[in-house]
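Structure incoming, see below.
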Amino acid sequence: MRLMYFAWVRERIGLPKEEFASDASTVLELISELRQREDRYDLAFSDMSAIRVALDQELIEDLNTSLEGVSEVAFFPPMTGG
Amino acid sequence: MRLMYFAWVRERIGLPKEEFASDASTVLELISELRQREDRYDLAFSDMSAIRVALDQELIEDLNTSLEGVSEVAFFPPMTGG
Amino acid sequence: MDIRVQDAPFTFGEIAQEFASGHAHMGAIVTFTGVVRDSDTDDLDYMEIEHYPGMTEKAIETYANQAKERWSLGDVLVIHRYGVLRPGDMIMMVATAAPHRVDAFQAAEFLMDYLKSRAPFWKKEVTADKTTWVEAKSEDEDALSRW
Amino acid sequence: MDIRVQDAPFTFGEIAQEFASGHAHMGAIVTFTGVVRDSDTDDLDYMEIEHYPGMTEKAIETYANQAKERWSLGDVLVIHRYGVLRPGDMIMMVATAAPHRVDAFQAAEFLMDYLKSRAPFWKKEVTADKTTWVEAKSEDEDALSRW
């Protein structure tokens, strides 16, 4: 799947996006996998209250949401538009 | 004092304004005097719930307000600006 | 503060652009524009707006000052026309500039509610076969109670 | 419905004028314009807005459709810029046209509240000596609860 990072999440991880092969069945499992990869991921996801998630460009509220059929997962801080 | 009439009050009375010498001490007394002058005044003031009053260009709520020192009294229907 | 009561048309876009420019500390600009609506049967020939010269300007200034006391505002503009207007013509506009959006919105709505029911304007609608004074709506009067 | 996400500047007044014209059954036009505010110490060099191409347009369209379902609206326009903006530059605008003023105001406020906290934009402020990601405000999140 494609992972997308925005704003300071992008800066902490050091990438705007990447392809990542994962067997995670939920968002929470995917985050655990990423945190174990490297410190920069662990740091980026250390405070999940500051992270928002979109699956295929739709915001989700619950980190237990299934990743089945999802091709793009985006992680970013709370939005500051307007 | 100067009396001013607007919108359908003006049309019913048939004048935009007039000078009128009155000894009325309140707005209510002035209206009674006017109603006794002629039918067109009586008709214009027959439903006071549909009439708004300004003294020297300030809206008033209470018809018992004193006319002391007032030089301009205006009568008109509820306003429809905007 | 800029208050204009006039029979001449105004160009909303130009005035809005000028109002919105050059306020480096005002993050939020709100405008409201009132347009003459045609009747449901599209037969409105024209609308005629009467006002009370002198009182009109004073009343609008009073409400604009009240808005500046209640909200954090950088600037306020009100233009209101009188005379003959046709469907699609712009009757009036309000513009507010504030550091934050809530103040700009609230002040503009407050001004609109007061202009509707407390500024001395009266509207007459003229079609081919009749002339009608627009009646004040009870919901416009009720709208004032929220302030 | 007209939704534009762009890095190019836009001329608020021209777009507002065009939007407000030619709606003979829409009596009320509301616009909101967001302007880059300088810092309290006037040292903001520029702001950089990042967004999520694709999702941004979809999210705005979703909220605009929700507004059209909730209120009686004739038309909706949203423009939001991304990229580098300087103090005084216009970041975004919303415009709504409705038969009555309450719908036009409510829809514009609803859209603003959702654009603030639910459209994927992020602002970074750059001064001579530091770079800061703007933090989301709890009052912006709270504002959503009224809808």
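Per-chain residue numbering starts at 1, and chain names A, B, C and D are given in the order in which the chains are listed.
Heads up, the rule we're going with is that a residue touches a chain if its C-beta (ideal position, glycine included) is under 8 Å from a C-beta of that chain, and two chains touch if they have at least 3 such contacts.
Small disclaimer: the values here were computed from a predicted structure and weren't measured.
Fewest steps needed to get from chain B to chain C, stepping only to touching chains, is 1. Think of each touching pair as a link: the shortest run of links from chain A to chain D has 1 of them.
In whole angstrom, the spacing between the mean C-alpha positions of chain A and chain C is 48.
If you average the Cα atoms of chain C and of chain D, the two centres end up 23 Å apart.
Averaging Cα coordinates per chain places chain A and chain B 71 Å apart. For chain B, residues touching at least two other chains, in rising order: 82.
Looking at chain C, residues 34, 101, 112 sit in touch with two or more other chains. Taken as a graph of touching chains, this assembly is arranged as a line, each chain contacting the next along an open chain of partners. Contacting chain pairs (ordered by label): A-D, B-C, C-D.
Residues 4, 6-8, 10, 54, 57-59, 74, 76-82 of chain B are the ones that touch chain C when the two sit in their complex. Touching chain D in their complex are the following residues of chain C: 11-18, 20-38, 87-88, 90, 99, 101-102, 104-105, 108-109, 112, 143. If you check the complex, the residues on chain C that touch chain B are 34, 50-52, 54-55, 58-59, 80, 91-92, 112, 115-124, 133-136, 140-141.
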